[in-house]
Amino acid sequence: MADWTSDEMMTVAAARALYDGVVCFVGIGLPSTAANLARRTHAPNLVLVYESGTLGAKPAHLPLSIGDGVLAESADSVITVPEVFNYWLQPGRVDIGFLGAAQIDRFANINTTVIGGDYEHPKIRLPGAGGAPEIAASCREVIVVVRQSRRTFTDRVDFVTSVGFGAGPGDRERLGLRGAGPRRVITDLGVLEPDPDTCELVLTHLHPGATVEQATEATGWPLVVRDDLAVTEPPTGAELDVLRALQAGAGGRQQTA
Amino acid sequence: MADWTSDEMMTVAAARALYDGVVCFVGIGLPSTAANLARRTHAPNLVLVYESGTLGAKPAHLPLSIGDGVLAESADSVITVPEVFNYWLQPGRVDIGFLGAAQIDRFANINTTVIGGDYEHPKIRLPGAGGAPEIAASCREVIVVVRQSRRTFTDRVDFVTSVGFGAGPGDRERLGLRGAGPRRVITDLGVLEPDPDTCELVLTHLHPGATVEQATEATGWPLVVRDDLAVTEPPTGAELDVLRALQAGAGGRQQTA
Amino acid sequence: MPLATFAGLDEAVADLVHDGDTVALEGFTHLIPHAAGHEIIRQRRTGLTLVRMTPDIVYDQLIGAGCATKLVFSWGGNPGVGSLHRFRDAVEHDWPVPLEIEEHSHAGMANRYVAGASGMPFAVLRGYTGTDLVARTATIKTITCPFTGEVLTAVPAIRPDVTVIHAQQADRNGNVMMWGITGVQKEAVLAARQALVTVEEVVDEFTPRPGAVVLPNWVVTRVAVVPGGAHPSYADGYSVRDNEYYQRWDAISRDRESFRSWVDDHIMRAGGE
Amino acid sequence: MPLATFAGLDEAVADLVHDGDTVALEGFTHLIPHAAGHEIIRQRRTGLTLVRMTPDIVYDQLIGAGCATKLVFSWGGNPGVGSLHRFRDAVEHDWPVPLEIEEHSHAGMANRYVAGASGMPFAVLRGYTGTDLVARTATIKTITCPFTGEVLTAVPAIRPDVTVIHAQQADRNGNVMMWGITGVQKEAVLAARQALVTVEEVVDEFTPRPGAVVLPNWVVTRVAVVPGGAHPSYADGYSVRDNEYYQRWDAISRDRESFRSWVDDHIMRAGGE
């Protein structure tokens, strides 16, 4: 019985996907946790960009919102929201964009808009696009972090909010999207990566304890498993210590300030 | 014999053209002198905007350049040059724009680009447009300050750098220029204003001591003199005191700082 | 040009916000003008087109109270908590009234405000390409670069009838200063025909601060002094974000009746803020 | 991404500025990178396309020294003094070499830098309409709003091979901070493929300041420490503008021979700054 949860494994795997010194566009929640974990472990020079306008934020604790005071105080520079998108994201200055998803399909297209029904009267109205469409288009590469389930991993998304590989090979180029698109999808079960030829998401890593059957069961299309399927290194004690300290201290200052 | 010069009269007349509380786009030189004179006399709430990015500058002494430190230190807000033009001038937030001219024609079109020869090899290469074309287009109204001579007041300018009334009535509307255009042209001899019907510059004021003959002689087109030709009030002692103090102190801080 | 004048929040909202207006309340997590939103509910405004990049609980409240018939936005959620239940109920079940939506991305909305602030009818960006938003949102079109032939995206300017923001300070002349994360508020104010600013306090003179944004009194219409007017959002230097409130809102807003009694107790009977 | 590195000014110019490059030296009266301009002359660069909103005496020097074959600009004069005699001599009499000009307005140039910084091929503005610049400058075109049908003006992005600016401070990691009037320098740096920044000094840590602009080390290529590198322009907090120098330049530059001997004495023999 592992002494860590599948969510902790997912967060640690996401943190490891960030190399030191890259510029990372961070959304609140798990991406922010993973990015701050990476900055405190193997990637001390990670540059965090939050869409609220903080460039190079170095929060002493996990921010609970995209606009926490701690982000502004610790940033190299606080800029306007139009500048974040026009001067920094749009020209391709951001190396890695972190995205979540309510639905993701076999070509890594993402839906965060509506599920079921029709657009005007959907069964589930989701928050919408936010910064995601342009993050997915303009970052040099994208990492998706999402819990794996048949409801989430659908053959086709109900609504394309952010483009992964569209309908397959060549679509990003046809659409003139400058970034390379999703490089990996990190879940609570393992890691999926786009097949270099088909652009379809295939299973490349299983987290310790997870099985191919679980992953297949949690995927809404016939999941291809790569021959060289690897097992993720389990979280190290150091990673877990930092992660749990981060989460214990989350927003602490907010309460006490 | 007047105890003031024609340049002092011109500057005082320009200052009087600024009402209290208006927003004024100021270029360096005589316009800046006139605007600062107005702010120290009848228009204490005049808002000075310099193209270097200082909104609401209140210089303690006359700046010698558009980007003097004293402008930034005394401004309500220092903004970027793109913001000056896009957020403040372009939307028509500036009431009055002050322009000079190397040539000005009967329809108040202004040339600050080239004189004589052809464009590639002109007889005289002037500095060029700077902010003038958009100041002339977007300010609610424009005031031109220029010494009057036959070389400067030409029937047609060699090059239209900034549009006054184009070829005559209706042209500004046809061009989609949103400001009203030149309201008056203040010279060392008097004041010219566009005729409401023809848009042609006609003589409406003479400064004390100047004659219609001088004005006609110094104008490159048959100068129409308005029936109700008025004589400008001479500079008051107070105006001259403030003006001379301003000019004596010009840039003083620059030297001593 | 007309200069900003001071007024009570109730008077300012009565003057500047009318039924059917297009109204933008901006503030990016920080400096969200909640008190002004509550006053709009209190004055029972209807038929509003509400504009905001990140409609969160203040818009959930306005929508649930029936003030809005249209929402122009790019992300509608309770940050860090989950759904906006009143927003969802309006879109999914037309309760209390049908809510038309005009949906964009953050990049598109930010550029629409920039175009409005710049006196331009539209803005150009790299955005939306390949997404289903292009088909769903009429205010997304393509435009071709006249120099390179490249095809890009155009979005129209946003020009609110009134923009409402919360700032830290005004001086006695009605100039406004805000600092910290200032988001898109300057553009939202400059894009609007009129602007209402609620402030924490009035000071004799501004102290220059790193990252401070000053809005001169000739681009502000009314200033209302409302200490804590951003709560449960915060004002850097004056308050911290009340994260529990955002969490509590999830339960309050889940159910129509509990929402209605919250409005009665906390807005209608509460009186001005 | 590659991070800024420190180098001597001579080495930095040798690395980043090549014959035939498009080079922008920016600085709006304040923070003009004169020393870097002199180093470019010293290294006898030729065939440069020089870009600058307000070419003043540093560009008069570069042009007179024969470094440039094209100038992209919006106002070329000696502020508060008069003509740029070397610029005029080049345009009027092809001396020392013919100078092609691409002439814009300030609004157009500012927007061209914004487009470059934004990764866009062009920018849209209200500008130039009715002026003779439209016929003379190929990089001014019209564009129609896809929503309103209104006809506006388009100008292409400026993308310099290298932008050179002067700032007050760098920290030891090569991040750059400038304050005071910062003009269009941020946009000019972000629009360029590479950026060279000369600074007054290196500090351990930046002190946050009102109006300060910070350029992170991942958008700067080289930092060269050149105290007084803006002279006769100034660096707020370090120096004041040397207005006499601008006045003296009028006489020095009026005559080809006096200019040439000035270059020999003050640039070539002077050695690095």
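So that you can tell them apart, the chains are marked A, B, C and D in the order they are listed, and the count of residues begins at 1 in each.
Convention: a contact is a pair of C-beta atoms (placed from the backbone, for glycine too) under 8 Å apart; a residue touches a chain by one contact, two chains touch by 3 or more.
Treat the numbers as computed from the prediction; the structure is a model and nothing was measured.
The greater number of contacting C-beta pairs, out of the two interfaces B-C and A-C, is seen for A-C.
Computed centre separation for the pair chain C/chain D is 39 angstrom, with centres defined by C-alpha atoms.
A separation of 28 Å divides the Cα centre of chain A from that of chain C.
Of all residues in chain A, those that touch two or more other chains are 86, 90.
Shared contact sites, meaning residues of chain D that touch two or more other chains, fall at 119-120, 125-126, 150, 186-187, 211. By the definition of touch given earlier, these chain pairs are in contact: A-C, A-D, B-C, B-D, C-D.
Considering their complex, residues 28-30, 53-54, 73-77, 79-80, 83-84, 87-88, 91-94, 103-107, 110-111, 113-114, 125-133, 136, 150-151, 180-184, 186-187, 211, 234, 236, 240-241, 243 of chain C touch chain A. Residue ranges on chain B touching chain C, taken from their complex, read 21-23, 47, 55-56, 76-77, 86-87, 90-93, 95.
Interface residues of chain B, counted against chain D in their complex, comprise 28-29, 51-54, 64-69, 71-72, 78, 80-82, 84-86, 89-90, 113, 117, 119-125, 127-134, 137-138, 159-163, 166, 171, 175-178, 251, 254-255, 257. Only residues 1, 3, 117-120, 175, 186-187, 190, 213-214, 216, 218-219 of chain C touch chain B when the two sit together in their complex.
On the side of chain D, the complex with chain C involves touching residues 119-126, 139, 141-143, 145-148, 150, 152, 154, 156, 208-212.
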